[in-house]
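Chain IDs A, B, C, D, E and F follow the sequence of writing; residue 1 opens each chain.
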């Protein structure tokens, strides 16, 4: 067999070995980490997201205050009457 | 005090003065311009936008004529009957 | 007349001739091709597109399986009861 | 005091050239046409705004490092923007009416006479002192008669970049003026009886025909006119994405967000070419005059071709639809419909005019390919 | 074994520098602020993520050939990204409240005092060993007081690119902190009676006024402050597209897809400047401190100006709305509304605060133009 | 006459090389597969169209100045396009099923055996005269076994750009062929009893777990495999934007417009690599054969691993779901579901197969990182 091919095959064998070991090691570690995350998240109860918080998310850029203001003004007027 | 800092502070003072003067001048001028615009717009009554004009806006690129044509054809057929 | 302009006019005349001949030849050829396509498509009846095929189009990238799975699970649960 | 002097010298007031002031007026005029008169606003608004920005003294929008400089470099110098617009237009175009009645392609061919005839006009202008149009310049100007914005921009960017601004402005302005330019010509060349002709309803076109059509167009272009393949190829890609039914996501994006983003940038980049030194020349007046002539001739030859087809078909073709062959989609087809309704209030020509209308797009892309091959 | 050694040397574990670890912590902190505390998440999330990516040893995200390197080069080095964001913000901004009551522009002007006063702070820091801010650096830092993200990024990229990361982080963090920074200052400078003042309802503004407004702003900027035209020009283009009513497609794209795409890239590119060698310096602490001072001063001068206007108008201006003059749209206007409601549960100031709020955007763009002209 | 001769010489007819004709046929075949057979149409349609365009004689699409040349240069040469696609895929991926049952990650690991085993095949082909694959070439080819398009394109663009076209075509073709390649292997390696195994319903995963997951993945990748961070990092960014709930605008844009725009360009750019001189080589046949082998091996090792897990867990894992470990999201998971339903019409495996399916995406990104670190 071509000595060059032989050498390449050795490289490939090494890559196969190292590669599969690392892939398995990495993903096994990730299993542990995911289990850890789940365990921690299970112990710390998720805080109840206040409903009015949700409205604050999108704006930051945006004309939504105009809408809010329209409603505000309407409510305001309504109360006055 | 470090003479370099002193000189920079003088520059900053000048920037503060010039900057605030220009910002106020500029935005005051804009107040005048906005009032002028409002005055002119108030005197020239806004032309009533003909309804069929609105349909012409979006097309230019677009397959809307197909829709128009479909309606046209339907109307056409309806009238024939 | 400026000899340069005369020469340019000759070029333009040639362009006019060649251009219109090619445009007409090209689009006439396209008429033939379109007629050919219509004739062939008319002879080969269009295969009926199975309805469930349509669902396969969009995914490829996408979380739709989650939706599918939700329905699947619901059906599954429903049947068990 | 020194800072104030620097600031004064950094104001436009101290640096305006008269040419820049005039060009700002031109920019404002374009904005007026776009917003108030609704002349092709999608393009003329960004073009007009770009014209204003590029003429601001000291701001350097179109100098290396400036915003418009980068946009032009990336999108027009490379030819990428008009091609992407063309892909989007392809995705927006329905060839159904043309496939149902392919003879309409002849009308799209005839209307290209406006392009080639204008070549003469451009060259004859050289007899007037001050004009010096080369054959390349003349070709780039003549393509205005194709009544298709991206085609005109693409060809001008290849053949005569220094005329690009004027050519693009003329092309989009006349496209918007189609309802004013075309009707008199249409009426002059047709009899009332001809204008009243009702056309047969078009057959339904199958999905398969619509899928194969763009591929067939591309194939013919490849075989006979490779120089037209950038334009025709991207147009056919867009149309294939539209019709094939399996890449709905991509088709929608090409028709909407992508074409919109590119339109903003294309308009700004074209506007950046409206600088005083490039636009305020005798040539620009010549280009504007030639553009109007090109549109008029194209309209006329389209109508005349339709008259001929009417004769040959024994009275089945309303000659008005020939005017739609200049493209200017879908404005020209609507004008045909309107003039037809004037003659006969029950005669709806819109769908019949869509065939020559989209044929005109192909026709002018082919004409552009010929000019690129022979003059470019 | 050799391969394993190579692999080990190619792990981060073997290559981390302490600075990189700290900067990853900073990146995580920004993600925490964005996700859990909802501090300007649209920008701080990509900035935080970019900070993590750029500090990965061996990955080379910000070295030639790396993803963040390209994004920075294309978008920030050229200044294109902040300008496109500004166009989108323009398309999202309604100037109605400001046109109805143009005197509010004075509040937008007064709040810029925060910017110019901070120049002193930055320069005085040079007295502390370790600080060496040039006038350019000081100007780029001071603009944080403008409370406007794209303006700060644009100016920093022109005047002090090496401080860009810290400046952008400070600008967005303080914008998110507006509800915490502003109320104490507002309460300290106003009496309960002043806070209860009810303002007259604003008149309705016509479509035509809204169309002409951005053009008038642009015209004034061109005449008197060309160096501000990149920012103001793109902002006015966006606003004109929004209001003119004829380019709905383009306006929607500028407000949504285009600004979103650019926001992702802008955030990542800013994050790429959060490398240990550029961020973990004494300067950064100084910048953070100065940013808070700038916000506080701007708020105070805005309120004081509103108090003055209240006196002069005979009690018709609620001084709280002056705080909105710093911009930080729309957060500052909401804070005004909230503090107003505390004083009088029937007093809705939101709409009245929108005027100074958008005036503040113009004001800081003008201030940026002045700094560019005099210091740049 | 001369003009006609020029025009003739400018037609493709006079300039076609046989190779170009064949490659146009290949392009048409890809369009056929995409449109009629619905093989990954989102990618294969633009790839096929790009293949046609790039092989047009004289049109110069892929030469400097041509459209495809620019797109390739900007998007693939830099690696930016596959990374943006990966960000979009991340924003489209729901890791819920995997977080509920993290052991599924082992299946995603096992299936990567297909990649590394194929290295041998590629090198053994060198024994046949005409093949000369370097270790880099072999690695780029082997990644086809990862069954993930952007990963394959990214790695090929780094390790073997001249093979990019063939590798991308093979990757997407085999991903479309998953319903044909996998079932026989799955049936051969499992008993009917195993295929009937019902799996427990998955627990509900909290929002918080889903937010932390992408950060944890990124952290591990940073620590142990920085060379995989471009791919994994952008994927995690997309996923974090999806799950964090505070940047809905950005997430939607990454999932839709941005990924669509990049997909069109990526496809065209990949197609531009399908030129006759690069594709019509013995190597391409080798790559196609190796790709099929890689998919088959990956499927087999995934199933075998699942069998092992079934043994160890006392019969709670249906071995079919191992096949989904190759990724090819979501096709492979659907195939698992279908084969499962054949064995037991009440056994719905889709959700259980989504875990290994998305694990396979991570697995092949990790494998790509290893190859980049050791071979690149």
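Some observations on this one:
As a working rule, a residue touches a chain if its C-beta (ideal position, glycine included) is under 8 Å from a C-beta of that chain, and two chains touch if they have at least 3 such contacts.
In this text, all values refer to a predicted model and were calculated from it rather than measured experimentally.
Taking the CA centroid of subunit E as reference, the farthest chain centroid is that of C.
To overlay subunit A on subunit B by their CA atoms, one rotates by 120 degrees, a value rounded to a multiple of 5. Relative to subunit F, the chain whose mean Cα position lies farthest away is B. One finds 41 Å separating the Cα centroids of subunit D and subunit E. Measuring from the averaged C-alpha position of subunit B to that of subunit D gives a distance of 27 Å.
Subunit F has its Cα centroid 47 Å from the Cα centroid of subunit B. The set of subunit D residues that touch two or more partner chains comprises 3, 7, 38, 41-42, 224-225, 245-246, 249, 257, 370, 374. In subunit B, the residues that touch at least two other chains are 15, 18, 22, 57. Of all the residues in subunit C, the ones that touch subunit D in their complex are 1-2, 4-5, 8-9, 11-13, 15-16, 18-20, 22-24, 26-31, 33-35, 37-38, 41, 46, 57-58.
Remark: subunit E residues 3, 6-7, 10-13, 15, 24, 28, 31, 34-35, 38, 41-42, 45-46, 49, 52-53, 56-59, 61, 65-67, 70, 256-257, 260-261, 263-264 touch subunit F in the complex.
Considering their complex, residues 98-99, 102-103, 105-106, 108-110, 112-113, 115-117, 119-120, 123-124, 126-127, 135, 138-139, 206-209, 212-213, 216-217, 220, 224-225, 245-246, 248-249, 359, 362-363, 366-367, 370-371, 374-375 of subunit E touch subunit B. Across the complex, subunit F meets subunit E through its residues 78-80, 83, 211, 215, 218, 222-227, 229-230, 233-234, 237, 240-241, 244-247, 249-250, 252-254, 257-258, 370, 373-374.
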